[in-house]
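In the two complexes below, chain A is the common chain; its partner is chain B in one and chain C in the other.
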Partner chain A sequence: MTSVKVHNATRRFGSFVALDDVTFSLSAGITGLLGPNGAGKTTLLRVLATVAATDAGSIELLGRDPRNAQSRVDIRRRLGYLPQEPGFHREFTAFEFVDYVAILKEMVDRKARHDEVRRVLAAVGLANEMKKRIRNMSGGMRRRVGIAQALLGSPELLILDEPTAGLDPEQRLRFRELLTARRGHTVVLSTHQTDDIAALCQRVIVLLEGRVRFDGTPPELAALAHGRVWNALERDPTAQLAWVTGDGMVRHLGTPPAGADAVPPAIEDGYLTLVGSLHALSSAPEN
Partner chain B sequence: MEIILIVAVVLGIWKFTTRGRSRQIPSSGEGWGAAKVGAAERSSLVMGAAVPARRVVVTLWSGEARRWIRTASFALAVAFSMMNFFVLAIVGDNDLAVAEVSWFAGWFPLFAWPIAGMVLVGVHFGATRARRDHAEELFDSLPASRETRAFGCVSIAVVGVIVAIVLEFAFLIWLWRSAIVGTVDGRVLLEVLTGISVVIGAAFLGLIFARLLPWPPVPLALLVLIALVDGRLMEGTKQWSKRRWVSIWPGFPETLARFDSRPVTVHLLYVVAMTAMCAFVARLLFQTNWVRGISVIMSIAAVISLAVVQDARTNASDARSVALELQQPRDHQVCRTSRGVEVCAFKPFDAWLPDWNDIAQGVRENIPAERRRDTVIIQQLNTMDLTKLDPRVLAATSSIPDDPQRESAVLIGFDRLESYDHRFAYAASLAEHAVGLPYATAGSHTTCTASGQARGVIALWLAASAVDEGVAKLAKTPAPPWMPAGYFHGDQQQTFVVPWRSESSYTTDTVVWEPVDIALAHVLAKRPVREVRALVSLHWDELLNPNHGRDVMRTVFGIELLQPSSGLEKC
Partner chain C sequence: MNTEWHASDQMLIEYSNVHCDVSTAYSIEAHLERCQGCRGTLARLSGSRPEHAEEIWNRIADVIDRPNPPVLAGCLMRLGMPEPWALLTAATRAMSAAWVGLQILLIGGAVALARLGAGPNAFTPFLFFAPILPAVGVVVAYHPRFDPAAEITACSPMAGAKLGLTRIVAVLSVTLSLLFAGSLIVGHGWITLTWILPTLAVAGATLVVVTLIGAEQASLVVVVLWVTTWFTLYVLRSPQGRFVNLVNDGFLGERQWLWAGACLVMGAVVYVRRDRFELALELQRQGMS
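Take a look at the complex of A and B:
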């Protein structure tokens, strides 16, 4: 069943077009949102979280139109959202903050709510830090508090804006574990970590300058760089990008020279190929 | 009892704020291992079910209240209110004992005011918290609206109301247990309700300003502004009409409440209308619709209407009624006559009549039986500054003739005669009346000196003999015998004994006494009462003659009178 339908959505901030005629739809599963800074990812997630509206186009979330006030509330009842910068009440403890959010999620039964708060805090590994004030927490711990509040009530639609920012490698892996348990619901996450996309997402959307430039599976994104990645001992100046890997080889992205041994591309190769080619297109002189 | 009540509530609040803190949180182990929870252990809640906003507000209340209780603003509010309580109930006990219960009624909102101020601050801080912490985006994605969140903060007013009620009822218990005359009536309860309404109104006002001016210094600046403007309104006029009706300060009566009571019911309705107006305006600021708009308009109309009603409240007949009580008090008083003394008091001060009568009898019994004047009339009269009354009352007094008795009766004010000073002053006034010296009446008089006159010494002896410990106190010359300097407030100087002119002379309102007068009276007072009484009885006419007293005193008592040194007119 389709949870999210976005059709020709456009959002402007003055003369800047943050979303430009965006169209896609999502069903159950984890979808990753990729794109450079300023591509419109956060704006799109804010629209999906019903905290921002579009100037044109239509949106349907969980079968409802968020432009209608009552429908918007209905959507929010089934939504979990982690903003890029959530903003915490620093004087609250982790428990108090998540409990406060839970009340605002209309969980009014005290015992059930407290059980739920403990559950989500335990799920993000903060079972022993519940009484700690947020002002005394590290950035990674605060991020986990943010994730915990988004998980309250097992929402049907979970929107996470850069959830792994500030998490150490172990926490990122545990986050993946946590999220894979939610494949039955619709999850949209934005990240700059392509390995998170590869590890978690069944689908990836690439936004660039407010437009959807790619919509497919992670392997399909990687495949965009098929035959365009090769390793060599020396740096090839004709390559689009080249960097030295841990084993001392130079990994290249671009049009390989004759005789070069192509290697299987990763998602980031596909993403860089896509972004690079689009930049090349946009910077090419018009005839 | 009132202290027990306050302590019980403080313990209750402490228990409330610490509830659940000691509860063990089940450990799910370190790290994110708990992510492995199975489906059955996942959310026990189903999202999506609609819950009325008011239930969310009620649920928010507990947390918001607990957070507010832990803040300095709550501690300040309680501290200020408690200070008011103790100042009134303990420090002010003696001075305020002259008033009746209804006079205290106007002070009840005093306990609610500091609470209201800090509720305003608490609501403003609570309602702007998300903005300060940049958390609005997250909260906006939740089903509970900004209005619901904000009204959750308003709910801290419930704590404020509870604290205000506790303090007001503790004061009520103190009043009930004290010797203050009068009965707790509806007026007191209406003032309690006024205080409560001010607390609730302050919460909505805090919300309005949180919406319009969401910066931290705003509520504090607002409190200062309200205090200045409202205080100015109270001082700016002497009447409850015109501008004063808009004041929400406690109704401190300028004079005794019976002559200066504000229209409590109308004022309560006015404050309730103000509270409703604040609530409706706050709601309108979150969402504009017809119902809310009309509610605001209607509440504004109610405030204005009640203000107009209040302005017209003291109408001509009310003013005349108060003026009659002032000018012809006897018709409104309870009088008791006993052994040549008639004492009259307003209700409920008639409870003090036996005490007043006992002292009057003490003076009377040392006067020769055949020389006792006809029935001595002692009348309770208003001694406060009438110019502070409503001008309409003052205007009405000019058209009502004075009761002649009011001018000649021995005056006593609103005095429980708790202290020796007050008892002596009262007895001295009766003694002055007995020996033909000027005495305290409602009529005008000039102050004179009785030094060098036998009757002055006799008056002091009569007074000292009628009051417990009078002789011992009188012996403390040259220090003021009954009055520490500066003991009384300025506005009471017309009634009571005060140091006059210099530290070495004393006055009983009408007569100035020099230390030598007091010393001579003490010589008499040390002698057996029966002996002095017999001599006074034998030589009464000579002793009371202002022209022959010197020789008589030397002959009868062996006392040498001195001529006055004050330069005052002789009595």
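Take a look at the complex of A and C:
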């Protein structure tokens, strides 16, 4: 069943076009949003979280139109959202803050609510830090509190804006485990970590300058760089990008010279190829 | 210690299920304190239903683990407010010590002026400035800048008129209570209470304008309008008279009926436009999303 339908969505801030005629639909599963800073990812996630509206186009979330006030409430009852900068009542403990959000999510029975708060805090590895004040927490711990509040009530639609930012490697793996255990639900996450996309997402959407530039699977995104990645001992100045890897080889992205042995591309190669070619198109002089 | 009488299994089951009457429960408890055999039987009977023991433990654990509510929330709960609403209200920035302290300072200053001044007009500055405080308070109650978790709040099902108006009512309650206390300290009889209807009307007008242009701008517009209207009236109607007389005339006597009418109109408009108090809309009005 389709849980998110976005059709010709446009959002402007003054003369800046944050979303430009965006169209896609999502079903159950994990979808990753990729794109450079300012590409429109956060605006799109805010729209999906019913926090922002579009100037044009239509949105349908969980079968309902968020422009209608009652539908918006119905959607929010089935929605979890981690903003890019969540903001916390810093004098609250982790338990108090998540409990506060649980009340905002209409969980009024104290015992059931507290059980749910403990469940989500334990799920993000904060079972022993529940009574710690947020102002005394590290950035990574605060991020986990933010993820915990988004998980309250096991929402059908989970929207996460850079959920792994600030998490240490162990916590990132725990997060992946947590997310992949949620079968049958729709998860949309934005990230700059292409390895998160590779590990988690069945689908990836690339936004650039407010437009959907790619919509497909992670292997399909990687395949955009097929035949354009090669290793060499020396840096090739004609390459689009080149960097020295851990084994001392120079990995190149671009048009390989004759005789170069192409290697299998990764998602980031596909992403860089896409973004690079679009930049080249946009900066090319018009004939 | 041996006792001749022992509780039957059936009695102990009813006791553990809290199904026996109070006097029987007291008798069984008194007996259990002395009789190890019956304590063992009770443990065995309870132990044969692990889900019951688990439920009891969960309830105990929740009581042990749950944090004490903040002082203000605790007070509101003791006054009969349901726990969720008490916690939400207490988390409102409008209830913070800084805002309440600032109001006490301002109202205290107005009260001191009235007490130190001579004559019946000493109270006029209090009348003039009282309606401004709630208008400013609406910003503190409702503006996303004063809610650190505004974006999380905005996507919650409670983020509509219910939460917005709850916060506004919370701030108005505190402000009106402080103003009321201030007017009692000033004295001057019932005249000192003539600020109530104009203040409610201005607060209502602020809420109406909030639904049009957002909290920050609404408060600014209403405060500027309040001040400029009075000075315009003064220039047009009684430039030779005293400003305090104009203000007193505006608050006293039959003018109160006008203020009462304004309160009703504003209340009706706020009710009709209640859907416009959604926090997400306010985020958009303020250009924060």
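We adopt the following convention: the second predicted complex is superposed on the first by the 286 of 287 C-alpha atoms of A that agree within 3 Å, B and C clash if a C-alpha of one lies under 4 Å from a C-alpha of the other, contacts with A are read in each partner's own complex, and residues count from 1 in each chain.
Heads up, the rule we're going with is that contacts are C-beta pairs under 8 Å (C-beta built on N, C-alpha and C of every residue); 3 or more make two chains touch, one makes a residue touch a chain.
What you are looking at is a predicted structure, and each value in this text was computed from that prediction instead of being measured.
Asker: Are chain B and chain C a fit on chain A, or do they clash, once the structures share the same frame?
Answerer: clash
Asker: Could you say whether A:S154 touches chain B, chain C, both of them, or neither, answering first, second, both or neither?
Answerer: The answer is first: A:S154 touches chain B but not chain C.
Asker: A:A53 contacts which: chain B (first), chain C (second), both, neither?
Answerer: Only chain C is touched by A:A53; chain B is not.
Asker: Taking the superposition as given, does A:G87 touch the first partner, chain B, the second, chain C, both, or neither?
Answerer: Both partners, chain B and chain C.
Asker: Would you check which partner chain A:L79 touches, where first means chain B only, second means chain C only, and both and neither mean what they say?
Answerer: both
Asker: Thinking of the overlay built on chain A, is A:V101 touched by chain B (first), by chain C (second), by both, or by neither?
Answerer: A:V101 contacts both chain B and chain C.
Asker: Considering only touches as defined above, state whether A:D196 meets chain B (first), chain C (second), both or neither.
Answerer: Touch status of A:D196: no partner.
Asker: Of the listed stretches 8-16, 26-34, 134-142 or 242-250, mark the one in chain C with C-alpha atoms clashing against chain B.
Answerer: Between chain C and chain B, the clashing stretch is 134-142.
Asker: Please write out, lowest number first, the residues of chain A touched by both chain B and chain C across the two complexes.
Answerer: 46, 49-51, 73, 76-77, 79, 81, 83, 85-90, 95-96, 99-101, 103-106, 108, 110, 115, 118, 130-131, 146, 149
Asker: Note which residues of chain A are touching chain B in the complex, please.
Answerer: Interface residues on the chain A side: 46, 49-51, 73-74, 76-79, 81-83, 85-91, 95-96, 99-101, 103-110, 112-113, 115-116, 118-119, 122-125, 127-128, 130-131, 146, 149, 152-156, 170-171, 174-175, 177-178, 181.
Asker: So in the complex, which bits of chain C are touching chain A?
Answerer: For chain C paired with chain A, touching residues are 58-59, 62, 65-67, 82-84, 87-88, 91, 147-160, 163, 275, 278, 280, 283-284, 287, 289.
Asker: List the residues on chain A that touch chain C in their complex, please.
Answerer: For this pair, the touching residues of chain A are 13, 46, 49-53, 69, 72-73, 76-77, 79, 81, 83, 85-90, 93, 95-97, 99-101, 103-106, 108, 110-111, 114-115, 118, 130-131, 146, 149.
Asker: Taking the complex as given, what residues does chain B use to touch chain A?
Answerer: Listed in rising order, the residues of chain B that touch chain A are 25-37, 41-51, 55-56, 58-60, 63, 67, 129-130, 133-145, 148-149, 152.
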